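We call the chains A, B, C and D, going by the order they appear; numbering starts again at 1 in every chain.
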């Protein structure tokens, strides 16, 4: 079997303008930030993003004017405040917020992994979320008659996840919380894995959770979630995040000038 | 917190006649056979069983006239042949086969873990299975218009799973294949765990997959899946299985005479 | 002396009983839950939004629910799908909520200020809020109180409280015996009247008056006949809380 | 000399290409897949009904798909839900099926002999059959051939083939480019004519004649113009196969 390992530039170049991307990780944790940086360097346009809880990843794409719409449950920097560039983009009506909750994003992805066009969901009775962007409709259960909320399948063109370890065949291992990465990796048309370490498939000491046959390409990206965290390798780089929130333009300038992925830290 | 550990007799006595039971394990592997033996000793009547692939467990209940109906995908002894007592029960119309496939049983359980009354399922277009016992109906997807098969939620009164290790709080660990046990344990009203070993909750060396708060009671049952297998502790006891298939009455007699759970092997 | 945040967290933690499961989000809810675990409720089951179940972090607080510390000593390292499904199937008794706006029936807005189509301020969105609000038996809302936050009419209903009164949740098809249980602000603790499902003052923090309650709300707030002052944080509570957040990430 | 079972397994294994995913059930399919893995297709991905993905068992064969050996050297130890969902989402190219009855369009019965309401013989049921038959790109059916098994009309349609002809699967709403690919019996190998979707002889095992084909079927079987004899098992194939099942559990 040929190795699936390619470099970050090649991998990102496979993503077309206008693509629908699911991004792994959660909030400031284990998001594929190095990949997002590369998308920005390549000047991608009109991307849409699927993400349960987005933060720097979504906000960076907003700041770079690469973002058309978001299927997201929560976009913000948790205790560091609002996602200012995403916020402004939505307020200026340049970015469409497909109003979701984390659970409805997941249910939509779950529909795709089971090859069905929709999923019933409990917990959307009464919120104003549903009606606004058509992300929730109702059907009557044919067995019980119960009126039941359903969400449409979410099928990303690409899922991009950042993991602790991958091998050249695409097998991938995540330490600790997997978030929705394993679901995203099965819901997509194609999957790109970026990894802190790429090892030989003969040398696994742990059991990978993502089987390689689901994966199109593997990219080595050390510090690939920074300035977010990638447990247990590194924590959030608060200084870099606060610098970003203060001056996103300067951060973007640095990303673009770097030309290639650099191990981004404030230190 | 009080210990949830009780003995096999107490645990089985909580199951009422007419109860709907989900049984863990798959075919001849890691099924809660000791628990089934105890149900038979207590002369339970009119039970219904949910099981993806059933074998000795279902057939024993059929042989003991404890079984009213089965929601199952496959009932048989794999390469050892048909489930003769179940087969005869259905042929005599004493047992109702709610015609399912393994995947539709799982989808029904999945509906329960998500708190919804039904689940859409891919792969039932065209089989005659659906129409016969009302286990599959169709709805039109409100987003795509696609005609979509759906199955009703399966919500067991009790799920009974046999695991490798449990603790007194109900936390439980399965080695190797988990089959549908983790889904069953979340789909049920109540959960009973039988275990090869019961340890103190302070002494886990592995991470249990079933959180104790889902579990009503824990039972120590060494060789609790025998004459089926419980990897990696023991394999199938072929002689005992073949003896059963030749003479189920004698096997039942031994179970009843034992009075309590004995470590059942042919050796 | 405890500051407002500390008082609110300690008061929230006291509401969490032993032997129950609580759905835990970032910030004050996380601190309140871990504080309960370390004081009166050692068997409280923490279900972290990020996917951990039963984690009992030691030492410093995990400041975010996705942090690896939330798995420490826990049972399951799952996904958000896993923990959400526990709520969806009715396994979670308690949940925490916050919001930019609340109305008298405990409905919450975390989505937009202004019009949804052309928002004045775009907020983070529901996150797990809509689900928690819909599915947990008792939700505890923690938020600052002023006239802009305690509003007559939400700009957007993200997470349902009692809608427009006692029949609201049943009419919407929400599970029985669920809904907002308490609202904790810097001024006091509120419940929801069983008859009207309107917000009602139950307890005041010392230093505040009944006038402060109304002066900081755009809707009228009833006062329970047997309202009382909240017992101030004990030395043990305060000390434990501060040891959980030594850098003052949340409580500063 | 190879016996019928050995010949059928070896022939099945040859049909499995490199770099594809095959859904593996108990018995002959398991042996055929592991044989392919050990001969011409070392990168074949075995997806075991019991939940294992990518397992490459060494030494003796795991005689049942739920056995722990199916996880050896594998990637994922999942659940049946996991591996079924891979088929449901279209990730699995090849699947194996068997049956008590087959008709000329490759429809299969594993449910009952006789009437479903009052069966003469109750069979095990669908298992994963209905799904595999519906969802895999190419299914390979392995079964013994005689007039009782090759029937004009099934007693029950458990697992869909081409229904009643070329439009059947599309009409039923099944995914395009799926359906029965080959039927392997002790007599020969059959395909399904692209025009009619009727079973057609492609290859004979040595020792059998075209007359045997028809004499052992209750429906007429067309013969491909360029039918041929099957190359007998090589010494390597036979040796490898027997080393996988030294006790003759399946091949005896």
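Here is the rule we go by: a residue touches a chain if its C-beta (ideal position, glycine included) is under 8 Å from a C-beta of that chain, and two chains touch if they have at least 3 such contacts.
Since the model is a prediction, treat every value here as computed from it, not as a measurement.
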item	value
Labels of chains that are neighbours to chain A and to chain D	B
Where chain C and chain D are represented by their mean Cα positions, the distance between them in whole Å	56
Rounded Å distance, chain B centre to chain D centre (Cα mean)	28
Chain centre separation (chain A, chain B; CA means) in Å	38
Chain D residues counted as touching two or more neighbouring chains	77, 88-89, 135
Numbers and ranges of chain A residues touching at least 2 other chains	114-116, 121-123, 146
Touching pairs - complete list by chain label	A-B, A-C, A-D, B-C, B-D
Residues of chain B defined as touching chain A within the complex	107, 111, 114-123, 134, 137-139, 141-144, 146, 148, 150, 152-153
Of all residues in chain A, those that touch chain D in their complex	1, 112-116, 171, 186-187, 207-214
Residues of chain B defined as touching chain D within the complex	26-29, 52-53, 72-76, 78-79, 82-83, 86-88, 90-91, 93, 97, 99-103, 106, 110, 121-129, 132, 146-147, 175-180, 182-183, 229, 231-232, 236
List of chain C residues in touch with chain A within their complex	26-27, 49-52, 63-64, 66-68, 70-71, 77-81, 84, 87-89, 111, 116-131, 133-135, 156-160, 163, 168-169, 172-174, 249-250
In the complex with chain B, residue positions of chain C that touch it	19, 21, 43, 45, 53-54, 75-77, 85-86, 88-91, 135
